[in-house]
Amino acid sequence: MSEHNYTVAELAERFGLAFQGDGARRISGVGTLASAGPDQLSFLSNSKYAAQLKATRAGVVVLREENLADCPTAALVAPDPYVTYARLAALFERLPAAPRGVHPSAVVAGGAKVSASASIGPHCVIEDGAVVEDGAVLGPHCIVGPGCVVGAQSRLVARVTLVTRVTLGRRVLVHPGAVIGSDGFGLAFERDHWVKIPQLGGVRIGDDCEIGANTTIDRGALEDTVLEEDVRLDNQIQIAHNVYIGAHTAMAGCAAVAGSAKIGRYCQIGGNAGVLGHLELADRVTITAKSLVTHSIREPGEYSSGVPLQDNRQWRKNAARFKHLDEYARRLSALEKDSNDE
Amino acid sequence: MSEHNYTVAELAERFGLAFQGDGARRISGVGTLASAGPDQLSFLSNSKYAAQLKATRAGVVVLREENLADCPTAALVAPDPYVTYARLAALFERLPAAPRGVHPSAVVAGGAKVSASASIGPHCVIEDGAVVEDGAVLGPHCIVGPGCVVGAQSRLVARVTLVTRVTLGRRVLVHPGAVIGSDGFGLAFERDHWVKIPQLGGVRIGDDCEIGANTTIDRGALEDTVLEEDVRLDNQIQIAHNVYIGAHTAMAGCAAVAGSAKIGRYCQIGGNAGVLGHLELADRVTITAKSLVTHSIREPGEYSSGVPLQDNRQWRKNAARFKHLDEYARRLSALEKDSNDE
Amino acid sequence: MSEHNYTVAELAERFGLAFQGDGARRISGVGTLASAGPDQLSFLSNSKYAAQLKATRAGVVVLREENLADCPTAALVAPDPYVTYARLAALFERLPAAPRGVHPSAVVAGGAKVSASASIGPHCVIEDGAVVEDGAVLGPHCIVGPGCVVGAQSRLVARVTLVTRVTLGRRVLVHPGAVIGSDGFGLAFERDHWVKIPQLGGVRIGDDCEIGANTTIDRGALEDTVLEEDVRLDNQIQIAHNVYIGAHTAMAGCAAVAGSAKIGRYCQIGGNAGVLGHLELADRVTITAKSLVTHSIREPGEYSSGVPLQDNRQWRKNAARFKHLDEYARRLSALEKDSNDE
């Protein structure tokens, strides 16, 4: 565990932080203010937890200068303790070993190009015309299909499938079960049956994107589906063909975007929210959980749909009335007219 | 690329179309009206894009006779350009090679029957009692469990799991991550804990169906879950046990159908829409995105639920009022009574 | 099939039930009242199907004493026929053979501990520091990552991924495509880009839990994501980091729970319902399908949100009015005031 073991003073120096208290204390992990012990680091970012600071048993706490007086132990001072905590915590993360080279059980086609510094895990399949760049790490059971590129330092955790014509940038992180580059859902109706529209585009994913477990991103019909850099997708998200997502946009679990929608930069899409096809969302639009976007949004801001949760019996009464809302509005107007006519 | 290279006259002859312009022009791919170059084919189906036709640089355009006069390049004339485009574009699709036979890394049980003309990709597992028929193609990492049949010319793109007692018809296309034939969710509650109901049925999927990435279709409790022919399911759809889906029905991403529901033919179920268990939907019912079907539908037509998206501050005010809608309706009626009594 | 073949008298004795009719009749399978034949067992639990009892051709029917008089064939009498049926039907389930030992195509790291009585299927990958306990069965393509434990008699049907620090209790059943222990979705925003929060916790899953196909359960940021015993999750459910789910809670397909939410015991969460982050639900709370829980719930009971499905034209009119509900409520109050002032 020696490589995951630092003194408070070493941590302060490494991240350019001021510290208070015992610089020689050794830290070998992280924990919450309530649970961390003397060899662990914790942090105070949300003032809601300020009361926990006074009682913490943590070895060192990352906090803002204003909270320093209340800290009963060593402290590292940072203007944004949550971001600083993120970087510190990464020191204590034990990633699985990823030895350079190709595991003997992997199947690499003759026409694939795999960097000597890449790591290809057990049972991976790298097909003809695929490229895996320097330092990329593929965990077990990944498939890299024809015309796909895994950019340098990217990591496919395990069982990731890149189907066809998918380009990942650098440092892209993809979680298990994700499927990228599957056929878009394109159909033409002919008299009495469906005819499939070939999906001839690809998917382009920018640097530093993260793609969650079991998320699906279809390839374009003619042009590409695109995620700009630093897009962050949680689990079980569905991105249809020819969607375009601007840089730094984040989506929570189970969100879905229909075909050819264009989402701006720095947007935040809530869990299980949906965006209909061909719409455009401006930069810095926030959609709350489970809302459905049915028209383009030109202005930054927060948008919602849905009705509040209620006890089922009360809800039933109100929901039944919803079916007559138009009638009520007309009756209300009629009453007002009567009242004014009097 | 010679096999993906045709003259305009060859395309016209192959599909029985009239053409106009330079029949000797060579076409080697497809593109949108806005992006296609002189060696590419494009199409005009939606009149919304008619303006793009006049400026297109495409080598040839598939269009209706009425648009012929506006076409600055060669044209192929078709009554339904989108359907014709679908067939033409298929000529230019490069599917991964699928050599006959079983990849040496695949595991095929002694009691499995695999046609000599089928292609079994790397790391596939074909279990005892499974059948793979003529010309079927299994990409890498597919699992065909006991009692499963992959029909002739069907294609499991990659990492598809057929669990138990699943029969696929002919020309079925299944995308990566799909799970077909998993246990239905059947539980009986006994005093203080759950008891699992064995799921002893199977799944039957008709000819020409398409199943999207990470879609799940459970097998039946006693009888089978059924998809008739030409059913088209997008990604991340959930089909519960004993659901029955009529021919030519299409469902968009993230739709879900609960146990024993029966969906008619030629239905269209929007993205993330849901159908509760044991309901019946007539033929030609359309459900819009994110709607929840809570009662059976006897008449063809379009059905919806949900409320519109609004700016969050406005929405909050309206949503809060929803909790009192029943009270408002009563107060409105009381006012009307007062007004009539006067 | 001899091992799946019992006389009615043998079944009665095995489960301690009274029976009526021909005890020597041989039963080799199960079916519905409407479809079962003379060598099959059926059951009557829901009185809705009582009419089918009189016409059944089943060899034996499990039913309540009160229905005995209407049964035209042999009967097994049970106070809760559905639970008893569940146990009986399990006799007739043919699970795929699971030979002890490690399939030659599996990759087991030197530092993994696999019980000699466990079954490790084709192409499984068991990584360093993983443990597979007695009698556990891993179907094809399962991955057991570092620090993961598969408890005794647990079954990973096929293609299940346990990523990191996941502990499954005893008799846990996990369906294909499930991903357990993937990174929680934790991000800090720094000026103009996202910084990833390392996810250093794990997942603990209690005895007798069931996890559906393509369901995802993220590991905790610092502490663990927890499912107590006998939690039952259907397909495509998303459980975010640090969620805590009480024993015997069941969730239907496509439900989702956001980070750090705490769900009580004996809750039932409907299909595609959602629970926002950091909320608490008391024991015995039922949430109906597609509802969104936006506040903590302190009292047992049934809760709902949403509006009813309507014909699209009617729905459009009502939905448009929803945008003005707050205004209508004010106008209604004003009218009432006028009316009272008169």
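When the chains are written out, they are named A, B and C in that same order, and each has its own residue count from 1.
Note that a residue touches a chain if its C-beta (ideal position, glycine included) is under 8 Å from a C-beta of that chain, and two chains touch if they have at least 3 such contacts.
What you see is a predicted model; the values in this text were computed from it and never measured.
S.K.: Rotating chain A so that its CA atoms sit on those of chain B: what angle is that, to a multiple of 5 degrees?
M.R.: So the angle, rounded to a multiple of 5, is 120 degrees.
S.K.: Same or different for chain A and chain C, where same means more than half of the interface numbers show up on both copies?
M.R.: Chain A and chain C contact each other through largely non-matching residue numbers.
S.K.: In whole angstrom, what separates the CA-based centres of chain A and chain C?
M.R.: 26
S.K.: Give me the residues of chain B that touch two or more other chains.
M.R.: 105, 123, 141, 159, 177, 214, 236, 254, 272, 306-308, 310, 320, 322, 324-325, 328, 332, 335, 339
S.K.: State the interface residues of chain C toward chain A in the complex, per the touch definition above.
M.R.: Of all residues in chain C, those touching chain A are 105, 107, 123, 125, 127-128, 141, 143, 145-146, 159, 161, 163-164, 177, 179, 182-183, 185, 187-190, 192-198, 200, 214, 216, 218, 222-223, 236, 238, 240, 254, 256, 258, 272, 274, 276, 286-288, 291-295, 301-308, 310, 314, 317-318, 320-322, 324-325, 328, 331-332, 335, 338-339.
S.K.: Which of the residues in chain B come into contact with chain A in the complex?
M.R.: Chain B residues touching chain A: 29-32, 35, 80, 82-83, 85-87, 89-90, 92-94, 96-97, 103, 105, 121-123, 139-141, 157-159, 173, 175-177, 208, 210, 212-214, 230, 232, 234-236, 248, 250, 252-254, 271-272, 289-290, 306-312, 315-316, 319-320, 322-326, 328-329, 332, 335-336, 339.
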